[in-house]
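Naming follows writing order (A, B, C, D, E and F), and every chain is counted from residue 1.
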Amino acid sequence: MGDLFVLVISCIFINNILLAQFLGNCPFLGTSKKMETAIGMAMAVIFVLVMAGAITWVVNEYMLKPLDVVYLQTVSFILVIAALVQFVEMFLKKSIPALYAGLGIFLPLITTNCAVMGVCLINIKEEYSFIEALVTSFSYAAGFGLALVLFAGVRERILLARVPKPLQDTSIGLITAGIIALTFMSFKGMV
Amino acid sequence: MISALLLMLGIGAVCGIVLSLASKIFYVYEDPRIAQVENCLAGANCGGCGYAGCSAAAAAIVSGKEPASLCIVSGKDGVESIAKVMGVEVGNAEAPLSYNMCEGGFRAADKYHYMGVSSCKAMAVVFGGKRVCGVGCIGLGDCVKACQFGAVSIGPKGHPVVDEEKCVGCGACQKACPKNIIEVKTLSERIMKFNQKYDPLAPCAQTCPAEINIPRYINQLREGKYKEAVQTIRLRNPLPLACGRVCPHPCETECRRGVEDEPVSINQLKRFVADYEMNSGSRIPIKCAPDTGKKIAVVGGGPSGLSCAFFLRRIGHQVDIFEAMPKLGGMLRYGIPEYRLPKKVLDWEIQGILDLGIKSFCHVKFGVDFGLGSLMAAGYNAVFLGVGAWEDFSLGIEGENLDGCFTGINFLQRISGGEKIKLGRTAAVVGGGNTAVDCARTLLRLGLDKVYMVYRRTRKEMPANEVEIVASEHEGIEFVFLAAPTRVVGDDKNKVTHLEYLKMQLGEPDKSGRRRPEPIEGSETLLAVDMVISAIGQSPDASFKNQDPQHRMKELELTKWNTIDNNPATHQASIPYIFTAGDAATGPSLVVEAIGGGRRAARSIDLFLKGEAVEPVKDSLQKKRIHESIFTKVDGIKKTARAKQPELHVNERLDSFIEVDLVLPEADAHKEAERCLNCCRICYNPDIVFPMAKKAG
Amino acid sequence: MNNNKLIVSHAPFWHDGDSLFTLNLNLMIAALPAVIFGLVQFGMPALGVLALSLSSAMVWEYVITLLSGKKASIHDLDSAVIGLFLGMMLPATAPWWLVITGTFLAVVIGKIIFGGIGANPFNPTLIGMAILALSWTTLLDFDAAYVNYDFDFTALVPLAAVKAKGALAVSDLFPLNDLMMGKQVGAIGTTFGLGLVIGGIYLILRGFVRWEIPVSFIIGIVFTALCFNLANPDKYAGPMIHLFSGYTLFGAFFLAPENSSSPVNRIPMLIFGFCAGLIILLMRNIGVYEDGTVLGILLLNLVNPLIDTIRPKALGKGVNHA
Amino acid sequence: MIKRSFFALTRPRLGYDMPEPDPKEPKAIPVPSNLILLLHDPLDDARETFIKKGDKVEKGGKLHLYKDSKEYTISPVAGTIKIIDTYSDDFGNTSTYLVINTDQGLTAGTDDVQYELKDTIASADEYLRTLPGAPPLKTLADPDIKIDTIVITCADPDLLSTTHQYMALKFMDGIKEGIGVLKRITNVRKFCITVPENLNIKDEIDLAQVFRTSMIYPANLPQMILKDHLNMVLPAGKTPEDMGICFMSAEAVVSLARAYKTKAACHEKVLTIIGKQGTPYRVTAVIGTPLRRIFNAFSIHVNDHDRLVIGGPMKGFSTYTVHHPVQPDTDTVIVQDRDNIPELSDNPCVNCGKCVRICPAHIPVNILVRYLEAGLYQDAADRYDLLSCIECGLCAYVCTARIPIYQYIRLGKHELLKLNADA
Amino acid sequence: MAQSLAKEFTKGLWAEIPPFRLVLGLCPTLAVTKSVENGIGMGIATTFVLVFSNLLISLLRNIIPSKVRIACYIVIVATFVTIVELLMQAYTYELFLKLGIFIPLIVVNCIVLGRAEAFANKNGPLPSVADGLGIGMGFTLSLAALGAVRELLGNGTLTIWGGTPIFEMAEGFLPFRFMLEAPGAFIGLGLMLCLMNLIGKK
Amino acid sequence: MREMINMVVVLTVLTALSGGLLATVKAKTEVQIENQVLKFQKAPAIKGIFPETTNDPLAERFMIDNEGVPLQVFPGKLSDGSKAVAFETKGTGFGGAVGLMVGINVDTDTIVEVRVTTHSETPGIGSRAKDDPSFASQFSGKGLDTNFSMKADGGAVDAMSGATVTSKAVSVAANQAKEIYQKLKPEIVKQMN
């Protein structure tokens, strides 16, 4: 239990997927201009990552490993994730439109979000158990969400400031992200 | 190897089956355009646009929240194909561009020192802004701040300058400007823009019936940009060559320079640039909007018809012109003599209009050769009636039908048509309008010994253009004022010998302030002439109404002057799909009125075809003036003489129909353009420094 | 006719006389006791560092505004304050290029690129400091910096000593009195605890700094330190060492209340200060950092927009119109 | 100008001014040769005006710009209309001004035109709208607005001004009489009077409920009176009239009472003039008197870069011409010397939060002003309580960055109104 | 033909150079640019995938049904990514170790899919290859540039290939370590983007 | 329906082809990859631990099972005749796992030498663990009864200044190696023979 807690803290803060591992930057910059979008995206990432983490772990453990075709990881994972996301999107759109409006519209963004794929690969690489894989997936996603929401808060203010023209938008967004990464170094060594 | 193959086969099959089943089971309807637009997008789902994935972005584009250029990955082709998907509405595919009305020149003085929020909007609500000039640019640059693309900057003269390369037509600058100085419009919208009372307009531009932006083209001329000047004129007037010759230029009467000095010779400048184009040997290309697939029939190829057809064509409609006479041009061709507007010039100009892709059918008379029914059957969506006013008023006196009596327009038309008419030696032309003068001067050129002009009132009241009157005086026409014809006297062969008229005197001024002529009893006088031409006015020939078998035609209402009854603001007639302008609608009037009317009718037709309410232009400035633009004095003007119209020597011109008025030499044109005060391009201090202090103190 | 052009502006027509200039001037005045003490303690090199950092910060701002064609803004003294504070946080032995790089990072990366004064979401001084500390750790190691100095007190950095050896081992080395009176090794302007407190109280009384932030910050430090200390007095030092050493007091009065990166509502201000104190102590006691003030405040700067949404309901908001 | 105190731990307190306990008679300004009257109808070139240049007007004559227009003004003198022209008023309003050349010798005495003043609110609205103090008769007469409470303010709404307090001190009988008139002509039954707590009014007021208001700004703003004394919170974006409450100044009540007593309107407005040195003068002037006349009477010289403020220092507006006329609601006129005008700046907000903490309406001004600067008015209203603002101006008064916050707020509301009108 | 091919190629080098003009592919840009060498390696790997997937997709563009096209593209891209991964493991093992997880993540690099969808989907094989090559080269160049800045400042060296620096800072240079850290990557890229914006202004 | 079948077929064929292609490439590169792994990761460390051996530890490597996880062991015959083994363990540092190759003298049960194999630590600070001989040399010759924890945690290892976490990772790895060795020693000895 204690180990899991350490894992959670480390995944959320110390090895934050965005700020320390550089994964998932495109949607990070894209969806952080507004707080509502950021929250929706954060939720969607958590949702998808947990599912993807589970399903890729299963694929790896019960299909790739027994057949000794681990080198097919990339192809099979991405295909499974893409299909899963698309399926969930269609499902939500039809069955739970309310949820779709809040969260589902972010799903297509996630297919090609390297955070999802990256976390799945990390899970395999670190040889986590199924439970650990689920927990890390969730924590990484939560870390992503946390960074996204905090970033959106700062960015909403920056959008209103008189940022010099060439720096506007993505450029200042990246620099802010850099400073956020800097502040996240606070947690270094805490676990 | 085999296991890998099988595994992937399995995964692929499962994914494929699940997805295809899901797409059937969980099918939800959405706007098919969303899928189409999404196909045009990059599909990378990168989120770079700020939307959650390409389908969200597509939905935003379809709902109109975002421009077609939203996606940062798909290139120009993508944008174009999206625009195509979205371009179901007319004009959407046309690129809108920003354009500022108030430009260049010096700034108006401030009425106070402003301290506060540095934004035009904020300043505009404080006493209308600190500038003394109330209509122009404030200059704090809200538009510059609003532009996301760096396309707007404050130019060296303190006004916004738009870089057309960078402008994407988003409209942010327009929203930011509190004074409507800067607008984002497509070419169509710009062509169909009518003066409104909050536009910064110089008095000349307010006066021009065609609403030409006069100061702009004068400035372009001054800068040597003749082509641009012609384009500026063509935005409002398709016939600069003709207008440059025959327009009575009401604009010049309002010219602000005229308050202290002689007005600028605006019309000659127009003619200069128009002639420049004609003589340059190549036509300036005229841009048209993409085709809309709508078809309009223009009946009558005179100035109003040509104008209406020209503008309809430029905004993308298909136009056919039907003309009763053998050639297009209407009154310009048949009513205005060769020495004022050479046919060669007119042909060149009309050809330019037809080159836009307008078909013309001549020698077909409305109501005789074709009618409303046949037009409708041919699939025209609307009809423009610009049949002009070709029916001369009769004098209503005895002897009017004698041999040697003619009516004005009929006479001019026959001469223009090349008909040989049996002429006399002396002639009396009855009337004081331009037609009368034209008849008189034509007669002189036809070799008559003596031409009299008989007019009921005095020279002061003559409606003909002053220059024309002066020219005819020079050419030796004798004026008989205060004379009311009472009888044409003929000999036994029914040939005209004399015109009898009654002398008149001016009575007490009436309500309108004019002194009405009153006949002097018993003052009958005989004038020995062998030709009498009556040119006392015309009305439209409305015979088509009864000749047309289409029963709907009965619904077309006429006024008591036989003009087609219409809404003067929208030019829509009593049958909704019929529009009319020009002399047919107003009775005999100026060419430039007809041109302006044609454009207004084109706007209404466009609205009608789009299914929108045909409503007048909001806050229109037609024939009104912006209160504060009218000055009673203009300080600091150094008087300089107005450029003189070069003209043919009298001796030369009497023997021929060679054009009398000549074009200004380039140097003179520039000199004349320099005389322009740049009203509304510069902010002026009117004589009122600030209203409250005027006389109260 | 009257040709007088009056000034037209919008209400109100009075002003309480505050300006950015007076605000920043007062910040600098409040820092004076600590600065003077530092100069006396560390001598000419300290003067050099402070002078260079103050001037270079202003020069950077001037150069950048010049290059970008904006109106010069150094007269509001904001960059001077950033420069002074940065200088105060450096050791007296800092090389010239370190100072200049630091002010560049602080003024340009920390402030100007975000849109200048008031727009910076993070404390510019701290951004400069954090980047310097990350890049040139050894140069900012105060133990190493003052080898050539001869002090009449323990020449060990208190927090580093605590971290390395445990609280018990160093408990006698740092009497509270010495710490308060500046008898400790540290940055130029942050060792004189009493001076910083005097400056801080001056700022609070004159209304240039909201009292909520420093007070809750100190409470956060003291409370957390006390908890740790009670749990394991051998390993974790007591609140007073934490309070009077390192950048703690300087952070409390001068860094944390920096206007644009801290909350303005009362409850958020209290949360902000307390959490900053808490996180700093966590970093000191269980993280890898000896001090942590710099990153701790930056972390709270990041959270600031979020917590500042806790605010009283506006008048008439949500009232049903009867 | 009031500067902050040296120690500023607590927020600044701006106190209202008090009239001297036993005020002198105000100085009367003679009727000038030219009067300027404002009509709230904009001049439209397309329409024919009802009054024309050169028309003769009688004293007490009612002037309409157009035949059917509802707006009118009453000429306080007999004379000739010399000018009719457009006047761009403050905050986007366009009105029309008339210059009336006074006929000499006809300035004193009663009106030439006598109206049939009936005991109905409609009748009062028809003739008495331009009484000194600008009684809100239009609101009261409007059948669509249901007013059940009238609050009479003997406290001046802005700093420095003592006009209403003076009226209350001197003419308490008039106020009582006015309440009687109002009770007679309207259906309103509830009357309240706000009296500054330090104002020495000895009379018992039994006709109305008396509120003693604080002497600290902005206690006398309508929203604050509602909140503090009527226990009523105005919903954001609503006016007191929407809640059935009508505010009326002491002077308006007094002049209403006089008008009913004499059956003729009075045209003399009481004003507080604050000179460049801060010296207050109390004057009476005929409505329409250009301010320059008053300044001449006190030898106040208005130069370039000075500021002329109509109304108080917190909520008034500055005009650009010394010919600005005395209006029915002009209580105070301040002349500020160029050396006493605080500079504004175009600095962005530095987030010091002073505005947030001083705001009586608890608006997050620091964020609001950013949204307003960026022109995001709708967001500002939806998320940052733009419409809750009670427009006291304190935020701009304390702003360290010297941002014209109040102007931004006014502009934001103005633009928002326009946006909503378009939509 | 040759001219238009050249145009497709060169646009990737400047007009549409990722990640500066098209703000895509940020993750590898940030992560692997600790040195020029890594940047170039990553760039070449991406280029390889881009060229071949573009080629294959443009060949198959008429066969693939539009509803499953994204899935098909992903499979194609992923296949090439795996090939690159295997090849790198076999022949440039050290580089493979440094790039680590980012090699398989090329599959989710928006640039690759973006080009497939935006270009190869609509154009013939030759232009698609040119486009892929151009964009890939542009990407490589950007990574190398950012890598150069970060390595030079953060480590005082420049290493193009093979581990030996071709340039080293003078003896007394104390490296600006910040540039090698995560925050330095973000800020470095942000500032380069700003620079590109400045240069891009006509 | 046809459309659906078409979709499924195309996708299936494509994935199958992909699988086949990859399998081929994998088969072609497999040997080379294994060589590379040995050459770049293990060889330098082994070389460092066993500078002189009479056998080829790389060639003689064998796998043993550590609670289900295969462990690669490199046996070395040292020049003094004693037998030693080397294997790799991992500890967690700043930037992920730190791999540590630990050489143990089977005869004396002492550590021969340790070497860091893989790391992604901050260059210059954490990476000193690999480059700085003084740190690694702390372990040399220590008996397996030593606690390799950091001194602050009551162990025997001095931290590298400024790189506490990396040092910790190494010490964790070392402790882990100790445990594994103690547990699997009989197996290892058996295999070696």
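Everything that follows uses one rule, which is that contacts are C-beta pairs under 8 Å (C-beta built on N, C-alpha and C of every residue); 3 or more make two chains touch, one makes a residue touch a chain.
Only a predicted model underlies this, so the values are computations on that prediction, with no experimental measurement involved.
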Practice item. State the smallest step count from chain B to chain C, taking one step as a move to a touching chain. Key: 1
Review point. Starting at chain A, what is the smallest number of hops through touching chains needed to reach chain E?
Key: 1
**Study point:** Selected interface, E-F versus A-D, where C-beta contact pairs are more numerous
**Key:** E-F
Study note, to complete from the structure: With centres defined as the mean of Cα atoms, the chain at greatest distance from chain D is chain F
Practice item. Averaging only over C-alpha atoms, locate the centres of chain C and chain F and give their separation in whole Å. Key: 46
Revision key, fill the gap. The distance between the C-alpha centres of chain D and chain E, rounded to whole Å, is 68
Point to revise | Euclidean distance of C-alpha centroids - chain A vs chain C, Å | key: 34
Revision key, fill the gap. Chain centres from averaged Cα atoms put chain A and chain B apart, in whole Å, by 62
Study note, to complete from the structure: Contacts with two or more other chains occur in chain F at residues 7, 10-11, 14-15, 18-19, 22-23, 26, 164-165
Point to revise | Touching two or more other chains - residues of chain C | key: 2, 5-10, 109, 113, 115-116, 118-119, 131, 134, 137, 288
Check your understanding: Of all residues in chain E, which are in touch with two or more distinct other chains?
Key -> 23-24, 67-68, 70-71, 75, 78-79, 82, 86, 110, 113, 175, 177, 181, 183, 187, 194, 201
Practice item. Give every residue of chain D touching chain C within the complex, in rising order. Key: 1-4, 6-9, 12, 159, 223, 227, 233-238, 242-243, 292, 302-309, 311, 313-323, 334, 336, 338, 341-342, 344-345, 347-354, 356-357, 360-364, 366, 385, 387-388, 390, 393-394, 396-402, 404, 406-407, 410
Point to revise | chain B - residues contacting chain A, complex | key: 3-4, 7-8, 11-12, 14-15, 18-19, 22-23, 25-28, 44-56, 150
Review point. Which residues of chain A touch chain B in the complex?
Key: 26-27, 29-31, 33, 37, 40-41, 44, 59, 63-64, 67-69, 72, 75-76, 79-80, 82-83, 86-87, 90-91, 93-95, 105-109, 111-112, 165
Exercise for review: Can you check the complex and tell me which residues of chain F touch chain B?
Suggested key: 4, 7-16, 18-20, 22-24, 26-27
Point to revise | Contact footprint of chain C on chain E as seen in their complex | key: 174-179, 181, 183, 187, 194
